[in-house]
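Look at the two complexes coming up: chain A is in both, with chain B in one and chain C in the other.
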Partner chain A sequence: MMTTAAPRTMPGLSRTARHRIRVAAITLVVLAAWEVLGRFGLVAGGALPAPSAILEAWWADWEEYPRHILATVGTAAAGFAIGNGVAIVIAIATQLVPAIDRLIRPLVVVLFCLPVVVAAPILGIAFDDPWPKIALAVLLVFFPTLIATQVGLRGAPGDAVSVVRSAGGGALRALFLVRLRAAVPEILSGLQISAPAAVLGAILGEFIGGRWGLGIYLVGSISSGNPAIIWAIGLTATALSAILYGVLGLVRLWYGSTEKLLTLDLPSTRRVAGSALRKALERVGWLIAGLAVLIGAWYAFIASTGLPVTLMNSPTEVFNTLVTSDRAPELRAELGEAFLSSLSPAVIGSAAGILFAFVLATLFATFPSIGASAMPFAFISQTVPLVALAPLIALAFGRGPATVVAVTVSVTFFPSLVTIMQGLAGAPSGPLDVLRSVNAGRFAVLSKVVVPNAVPHLLASVRLAVPRALTGVLIAEQLITGTGLGGLLSQARGYLDYRLMWAIAVVVAVFSLIVYGLAQLAEDGVLKRRR
Partner chain B sequence: MSPLFPRPARRAAVALIVVGTIGSLAACSSSSDDAAAETDGLTPLTLQSSWINDAEFMGYYIAQDNGLYEDEGIDLTYLPGGPSVIPESSLLAGDADIAITSPDTTISAIADQDAPFVIIAAQYQQNPLGVVSLASSGIDGPEDLVGKTVAVPDVNRLAFDAMLTINDIDPSSVTVVPYSYDPTPLVKGEVDASLDFVTNVPFTISEMGETASSFTLYDAGYKIPNDTIVVTKDALENNREAIAAFLKATVAGWEENFVDTDAYPTKFENSWFEGTGRSIDNELFFNKAQQPLIESADGMFAMTDDTIQDTIDSLALVGITATPDMFDTSFFE
Partner chain C sequence: MTGIALDAVTRRYETAGGGVLALDGIDLELPEFSFTALIGASGCGKSTLLRLLGDLDAPTSGTVTVDGESPSRLRKQGRIGVAFQDPSLLPWRSVRRNIALTLEASGRRVDWARVDELISLVGLQGFERSKPAQLSGGMRQRVSIARALVLEPELLLLDEPFGALDELLRASMNLELQRIWLERPSTTVMVTHSISEAVFLADRIVVMGSRPGRVHEVVEVPFARPRDSALLSSPEFHELCDVVSSTLSAAITASGARDAAALDS
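Then we have the complex of A and B:
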């Protein structure tokens, strides 16, 4: 398929040079196609602007940008630094003391899956400017890096770890001599996932108010009804995160060329001695402890803000709302109905999201040129707030269930994509060389070595994608269809019904925890069988 | 700041929270500008606006730039709003002393959740919210909306449903979809109408080469004001003088604005309106169009007994019980 873009043989050119030419050619073809679609108004009755029109709009307003960019970059950078710093420290702590992992996991999953539309106003009143914005960026950044770092730390070469330990080195020494160094590629891929998340978090944070920032600029420009201007702002955000992503990619390349990993063995699953019953009991015990931490943190947060219960509902309040209050039966019925209508797009969306990420990642691994040229476009879905794209999506795809699924995929696929790509790239070089020496085809290499090696990453990517599926559905429903839980959330906002907003947040949290737990169970099962 | 929630205690407490995950972040939140205590004998007041800077808030900008608040002994901090800002929440949180709100939302919160708010003034005596459509669509009144698709912002869902109910239209006979103030779906015909300020979006629609037609919710019988000025009961008791001074200066700012609606939007091009993503022409249109909705024979910002009764009657039709004690008209007596 690439022969259309560049001749198969290009004598006299190095491998990298040929790759670069292909990437440039594919990118140009895509841009040309976009230009035609935009110029002739072929998509959504002209709501998709041509790249040249976007550039024109950007150029016409360029004086407006520096101050907004500076504000957004400041917030994003703070969120990126704090979120990733805390994530890496916690990942190291959980490697040394696995109990910490089990204790904080429910809390961490819930924080990651909290719908921004619920979290933003709460953060806005709980902290003083600029911390609500930074906090939002931290929330989006933190979890993927935590998971990536943990995968990396566990995936350290077992031989090297045992060498250090048999020489009398403790867990701490093994950690710093072997594990951390071995985990650098995964940590870097975690940071790469964070790059667009930090920018998006900053922009969504700016919706909490303020004077400067691309988010503020976007809100004002949306009412101008000029898609080129909206895209110019959105693509500026995309460019900011792409630059950060690219720099991290260079660091990864540089690190990859200096550090030769021996082999990459499989992450060791926790070995629990004893009967199946005891293991099950232990699981339940940890779950209860984790939930206790989650609920304790919730109470502590509410108490620490000193805000009235009208605004900040504690678990007790939510229990009252849903169980003992006069409106409880009516509310439960409403919530139940909304949840059921959001459930199927969430299930379909998360399955489709992972499949999409896997197909893309294998495609990218097989045809690196396509991967390199497609990545910038994948970024658009990660950094441009959906509120800016909602009218275009509605015009192009309507306001039905298919649109909700598509948006859910776009919200969830990216962390999975990067994680799986990291797994595919980490294939051990020994078997690869063997296969290449017998002239095995791309797909043979892929199916015999690359994909099996990436299974742990694939499983981790499921844990990243699935819990956020309902959040993705909520965003789509709130901005495009007005149905289901998202629609109910909008209604709660309109009636200033804080109790209903909290109840919806709890429904999302419970769903996220359950599917995360299922994904974890499946992961443990698969990894155990592979041992 | 609101004595209900002493800020130092809150800050110190906030610093302790969110164990582990965002802990380092919380610690930093305790360090911002608390030193804004009374300087020059001025009383500090914070106003939480409901939206980003545009002509909707001209009077407040003028009163600040022209020193009208200082003249009344007020040091005003103006907080712009945004899509994720719930102005009433800022009052509850003690982040603001005064908020600009949608009265139906505020009243719903007082009535259904015992929120301690009082409405003390109304910027728009007549609500500029209306149903905006393309002139070619032939939507001239509520009855034309049956079977149509209308884009409605979250915060105005209640108002829209109320307007339909008042006109004996079953809200379920109209398809409502979310709206984020982008007129594109309307101009492209993907929706039949949008609920937006009739003072604002028709300008953009004409820029896009179409002609807009509109009717306000007010004219359709949903007679409530908009951009109501709200304080907490506690502030009303303990901060009365400062609030009165704020209202006086604000009204003076709006009076100055309406001497010539063309004067100030241009003046603010490089200050209040710099980099908002909106054109000055749009603000000029907005400012002119809003004049008749703000000015009133009874005096700007004043709520008459009729205004209050109309509001109570309108909301009663959608099952929200407003009572006269939710309003305080004493500042304009």
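Then we have the complex of A and C:
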């Protein structure tokens, strides 16, 4: 980053010690202010309870917690193990046989884009408890680790791979002698990011039902209307995520790798030789093959459950529901209305979240001393199971549309902040030095090098925010307002209307795929012009 | 036949703005156990040529043979050794295990006695257990060369192995390389930017022109081996350096490539 302010001398204390003292002081001030605000019910008519009240609520119910925590940890651990295992194996397979990567890409993107809320009821039908919850955790864990491992395997020192190859080694030898070991830092980062994701998946899965788990506990206590109780559960879930994130962070530190910044980019496709027409045809060919794999996976999923198509709709069943059946016109109207009503909070919320993140990240980049102290918090913010904390946000924003927007802002803001900060921090040092050597001002450095360098990150954060925003909107609607697609989904579950559930899932998945694809195209366009 | 034979070799790359002809109609014959230096402006395709010999890349047209066989066959049998400008050592492996890497990669049993013998050949005794991060640049490059030699390759390919070293260190590494090469002769091709390095080490210098990459002229180097540092200050040495230098200038002028761009890899 840019220059850091020269430290003022404070005799007898190291820099880190002073930094810690400052952080502790700020934390104490914030806690004190929070206590005052809470005690006097100054925020949203008492929606924000004082820390002491939260502690009291926690203490009053402390006997309840261990079983809920254990249940959530168990589900998260199973999802973590399965999701990461599968992700790493698939990443290795795609490294050895690049065609696999292209074939499964549509499937992988759909699994990433499919908001867990719409997947949850389907998994609830497909599997017996506790597998739906574990499956949700697997879904959330899979993508980050897959991408991290792929990036790590691909990023192995190229010359070292050449040395192995020129000595007669094949792809397998290159994998075992160089790539796997070189990818360990990325794999560890993937595992670290996926630990809170597993907790989030477990909690969202527990919203479906069951007896034990922090998710079910949280949903169950919404009706109590006691903010302190809801906060106590929410903070427990947050602490659990943060602890797991921290433990894996220690493993990474012990291994000696620094914080790897993952932008969650899908590795770019190899350039193909030949005319533009041939390239286009080849691309379309791969896309068709990939879609075939996707649909095949859909049928395989149905077959694996052994359930009838009335419960487990196939693509043709969904087509019937939406297009040819008697119900179709009425259903389409209903879906369309719900979709539009969900769309505006999703758009407003994610736009506001990303914009806010961009402004704050730019501020941090302009004033590096603030940025340096904010970076750890930005990273920790990733561990907060925000989507699951919709009930907390509802306390402050009431039961109206404002809550839906607020949830969406909160779930898009923090991840975007981290991604954009990485982009701003990653400005090339050469041009920065050049500008510094001609004594360019902060604004010039920012507008000429730092911000342009972060444009791909900004676009990536849009792409990655879409599924999160939809998940946020649907959760808020389902748990709090009962409107839009989330409300419709609740209804479908209430009436055991499986066709409607599938229709909603497909509509939402297709929509987020389209937005994801558009964002990806914009990103590719920007990156291409830079080559 | 023995040695290296390139017959009408071209290599074309597809890029966003159409194709780039990296190599065009390369015809070369290099005898067995010869030492050849490839020299030319950036972007003349000399590294590409080296990669073709090592089967790390394939020609678009034309044939490459080494001792009458395809480079691919040689590579798969572990009969090629390579060293790059970047020593590209594995940071998690010790010196010994880094040298053993190519043996493992070619599927042979690691003969630790031979690894240790090579360590002393390249003058790294006492550093067997060190990690790359603890070594100087010159020492890392010695490891990289030992790693290439441990296979006892028939074909040794060196891509600016001393390009990142300072002038003095480079001169002493050149002496070392000559000593090692005389002890373990193999057909060697070395890409370099340094005219004096080329003249000091090679039997013949292939001067290349760019856009498209092609052979401009081959300069023979008559000096007997072993060559010592006294040669470096002899008039004959400087005369030959001047010849190579003007040939290189002519090649560059002919290419009109003073602005020679990328594609050095």
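Quick note on the criterion: the second predicted complex is superposed on the first by the 316 of 531 C-alpha atoms of A that agree within 3 Å, B and C clash if a C-alpha of one lies under 4 Å from a C-alpha of the other, contacts with A are read in each partner's own complex, and residues count from 1 in each chain.
What we mean here is this: a residue touches a chain if its C-beta (ideal position, glycine included) is under 8 Å from a C-beta of that chain, and two chains touch if they have at least 3 such contacts.
Everything numeric in this text was worked out from a predicted model, so none of it was measured.
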Partner chain(s) touched by A:V164 [first = chain B, second = chain C, both, neither]: second
Chain B versus chain C as contact partner of A:L177, first or second or both or neither: second
Partner chain in contact with A:R15 - chain B first, chain C second, else both or neither: neither
Which of chain B and chain C A:K528 touches, first, second, both or neither: second
Contacts of A:V138 with chain B and chain C, given as first, second, both or neither: first
Residue contacts on chain A - larger count, chain B or chain C: B
Shared chain A contacts, counted only where both chain B and chain C touch the same residue: none
Chain A-touching residues of chain C, taken from the complex the two chains share: 14-16, 54-56, 75-82, 84, 86, 88-90, 92, 101-107, 147-148, 151, 157
Interfacial residue positions of chain A with respect to chain B in the complex: 44-47, 64, 67-68, 82, 85-86, 90, 104, 107-108, 111, 117, 120-121, 124-129, 131, 134-135, 138-139, 142, 204, 206-212, 215-225, 227, 229-230, 233, 297, 300-301, 303-308, 310-311, 387, 390-392, 394-395, 399, 478-482, 487, 490-491, 493-499
In the complex with chain A, residue positions of chain B that touch it: 4-6, 9-11, 13-26, 28-29, 32, 52-54, 79-86, 88-90, 92-93, 95, 105-106, 108-109, 112-115, 154-158, 176-178, 180-185, 187-190, 200-201, 204-205, 207-208, 275-279, 282
Contact footprint of chain C on chain A as seen in their complex: 157-160, 162-169, 173-174, 177-178, 181-182, 271-274, 528, 531
